Amino acid sequence: MQKNNGIKIRNLNIYYKNNRKSDFSALHNINLDIPKNHITIIMGPSGSGKTTLLKSLNRLHSINNGVKVSGKVIIDGEDIYHPMHLLPELRRKVGLISQKPIPLPLSIYENVAYGPKIHNRLNRKESDVIVEKVLKKVNLWEEVKDRLNQPAADLSVGQQQRLSIARAIAINPDILLCDEITSALDPISSEKVEHLLLSLKEEYTIVLVSHMLRQVKRLGGYVIFLYMGKVLEQGNMEELFNSPRNKITQQYIKGVIS
Amino acid sequence: MRYLEEKIVKILMISSIFAVLGSLLFILFITISRGWVSIKENPGIIFSTPGPRYLLGGEGGFFHAIAGSLYMVVPSTIISLILACLIALFLQSEYSSKRVSEIIRLFMDILWGTPSIIYGLFVLTILISFHQRGCLLAGIVALIFLELPIITRYVDESISSTPKELKEIAYSMGLTRVEVSKIVLKYSTSGIIAGVLIGLGRALGDAASIIFTTGAASTMPKGLFSSGTALPVVIFQQASSFYPSVRDHAYAAAFILIIIILVLSITSRLLQKKFSKYTVGD
Amino acid sequence: MKVKGVSKKVVNRLSFRLVKDNISRKIMIVCTSIIFLLFVSFVVLLVLKSNLVISEYSIKELLFSSFWEPENHKYGFFSATFGTFIVTIFSMLMAIPISILAAVYIAEYSPYKVRRYLSSFIDVLAGIPSVVFGLCMLLGFVPVFSVLMKKWFQIETTGMCLFTASITLTVMVFPIIVSLTVESLRALPVELREISLSLGSTKWQMIKKTLFKAAGPGIISAILLGFGRALGETMAVAMVIGSKNNIPTSLFESGQTLPSLIVSSFGEMMSVPEEQSALFFVALTLFVLVTVSNIIAKVVNNKLKKRWRY
């Protein structure tokens, strides 16, 4: 297996078709190279297609009938949109964490162990090991180790979000997709999650969607500015913020458009 | 002027509430009070089977109907639940196209609106065509057609109202459609329970579908292919009897029926509360 | 299979899961198709069974004559069709205003706690079976009604008449219309009320002018659902309508509806093939009536939803 080489996107076009007047083209001709083991941030005003782009990286659009995707997304040397590619395995490799943390209707332990158990048959001891390892990684272990069997819905929103990250890491992905994962959190929990992401970037390739400029500054390695479905600019965080080439990027950074 | 209108309307509204509540409470009250009196006088009727001239004022009770009801309603509810889950899941976008799911939902609506007597007659035509007599199995089939649209609708609505993020998260973990559906079903447990209990209550109280299929026998049901009857059918017979003592039994039977249905209703609400501890929000 | 560099164990497990997924979907399709096919074959059988009587007698005579005398080979059931319409329409006329007013009270005027209890209570009452309604009306209402009509209005009636059937249906339909209307009203955004009230209207004006229009599709759907239920209601009506196969001249005479005709003739029909076929034809008519009514209800509902989108 070719080691994690990041993600290459070629000529990606996404079109929403609902047979009503709200048909529209969400992404135009996207060409990107997402570096591995970095935090790449997709930023842009609302409605630019950031979440659409993110979800196209693990083919999440296929559960929706009205979405047409054309183009290629190459991960580990293979186009994931090739019809022969197996979805469950792809999605195990590319995990998604969404904005609103929704725990599975199970206990805390079960939430984390669910993914690994489905992908490999595990016995109790093996899953215990994985659950502890992963919860420690997201800094949740100390807080929940005494109540692993309680419903995950009892946790605070910040804890639920870290649990979501734990759940995603438990199946050993290579890439983590994060869709505005701090938007629903209070500042303290947000900070914890951001620190977590920074610590994880050595092991995983992280792609984060964010609309908060300061967050981009705190976290950013590589930044992609998406505007109205097109990539207007991309580059290192310092370059982009200090000397943006595109006028609209400039306006966005200054806060003229948001 | 418009304040006057407001006052008049308020009076009309209160009267309407009284009309609605009053009439429904009247039914409940008569059944419970007369039923209770009847049972107190002769508690044996609940537990004994009818003698040879039961409906003509003779000895015996209607235990056979209680047993018959349970023997038919429990299997039909279980089967309807399984079918309902399968169909409702199939209606989701990852299994079927929008066109197909619209057609199926329309079909379910037609089934929902069809009166139970039609289902009884449907099954009757099959019985006649095969020269069979009425039996429990026929009643179960008719009840399945009665309950299926009800339970399917509740399950469908519960599943469709799970937050879409739940599905996205599940798929993102690399689960297959069926594995995701299992999680969705677990999340919707309270809605499913509500549907099952409503369907059960409806099936317990339905006479029209049983009369034409299982029939109105006066014996204890012995197996799937034996004859029998159900509680609502027996109430119908008792109420139409010339003998006042038998008519009193009708109240007793109705009492039992209503108590069971009330218990189911209340249990439904309690269980809904219990199962929502795993879901977020609300 | 394009899954490079993954261990054989994982590949095997994955294919097992995918096979399970595939089979499950096929099972779903099979189950749905079975139900569909069963239903279709039922309808076909019903038509076939009616064939006997349709081929012997003219449909016009069956549908529009009111001479139901099986001994004389007369199977006109117009009195039943007529009865069905009269009873259903009359009960809806009574049920609709009362239910809607009650629902408005529950949804808009009553304090929160009262609303919750009232709503739950009415929902529970929706579960009362049809035979129980019939029982109470037959043994509780009918004798009293008969006496009172004589005393107050000098009208002779056994009490088992179209009027009683209508009242029974009205009461049975209350919970349906009330709870669906309450739901439609509660689903409307709070702002809708605030806007109207802050413009200075009284509460009732606000309800009349904005809420009804906004909740319109939901309310109309509730009414149509109630109508469908009333149309097909069998047991309670059969117990109080008197089962007389003539066209009644007054509301206080006994009459017949399509379902009650079937129920009351059940015993005899099993032995006489001609009568059996006639009753299957009655059932077919009822089925067509109810299904058409339901489809109209669905179409109206969809159209209204598009126009009054909320």
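The first chain written gets the first letter, and so on, giving A, B and C; residue counts start at 1 in each chain.
Everything that follows uses one rule, which is that a residue touches a chain if its C-beta (ideal position, glycine included) is under 8 Å from a C-beta of that chain, and two chains touch if they have at least 3 such contacts.
On a predicted model such as this, the values are computed, not experimentally measured, just so you know.
J.: Can you figure out the chain closest to the middle, judged by Cα centres?
T.: Smallest offset from the overall C-alpha mean is found for B.
J.: If you tally the C-beta contacts, which comes out ahead, A-B or B-C?
T.: Top pair by contacting C-beta pairs is B-C.
J.: At what distance in angstrom does the C-alpha mean of chain B lie from that of chain A?
T.: So the centroids are 46 Å from each other.
J.: Just the number, please: Cα centre separation of chain B and chain C in whole Å.
T.: 15
J.: For chain C, jot down the residues that touch at least 2 other chains.
T.: In chain C, the residues touching two or more other chains are 17-18.
J.: Would you pick out the residues of chain A that each touch at least 2 other chains?
T.: 88-89, 118-119
J.: On chain B, where are the residues touching two or more other chains?
T.: If we look for residues of chain B contacting two or more partner chains, we find 176, 179.
J.: Across the complex, what residues on chain A touch chain B?
T.: Within the complex, chain A contacts chain B at residues 55, 58, 60, 63-65, 87-100, 102-106, 114-115, 118-119, 151, 153, 160, 164, 167-168, 171, 177.
J.: If we count contacts the way the header does, which residues on chain C are in touch with chain A in the complex?
T.: Chain C residues touching chain A: 1-6, 9-10, 13-14, 17-18.
J.: Taking the complex as given, what residues does chain A use to touch chain C?
T.: 1, 76, 78, 82, 84-86, 88-89, 118-121
J.: Chain A touches which residues of chain B in the complex?
T.: 93-94, 97-98, 163, 165-176, 179, 183, 186-187, 189, 277-280
J.: Could you list, by residue number, the parts of chain B that touch chain C in their complex?
T.: 2-3, 5-6, 9-10, 12-14, 16-17, 19-21, 23-24, 26-28, 30-31, 83, 86-87, 89-90, 95, 104, 106-107, 109-118, 121-123, 125-126, 128-129, 145, 148, 176-179, 181, 198, 201-202, 204-208, 211-212, 232, 235-236, 239-240, 247, 250-251, 254, 257-258, 261-262, 264-266, 269
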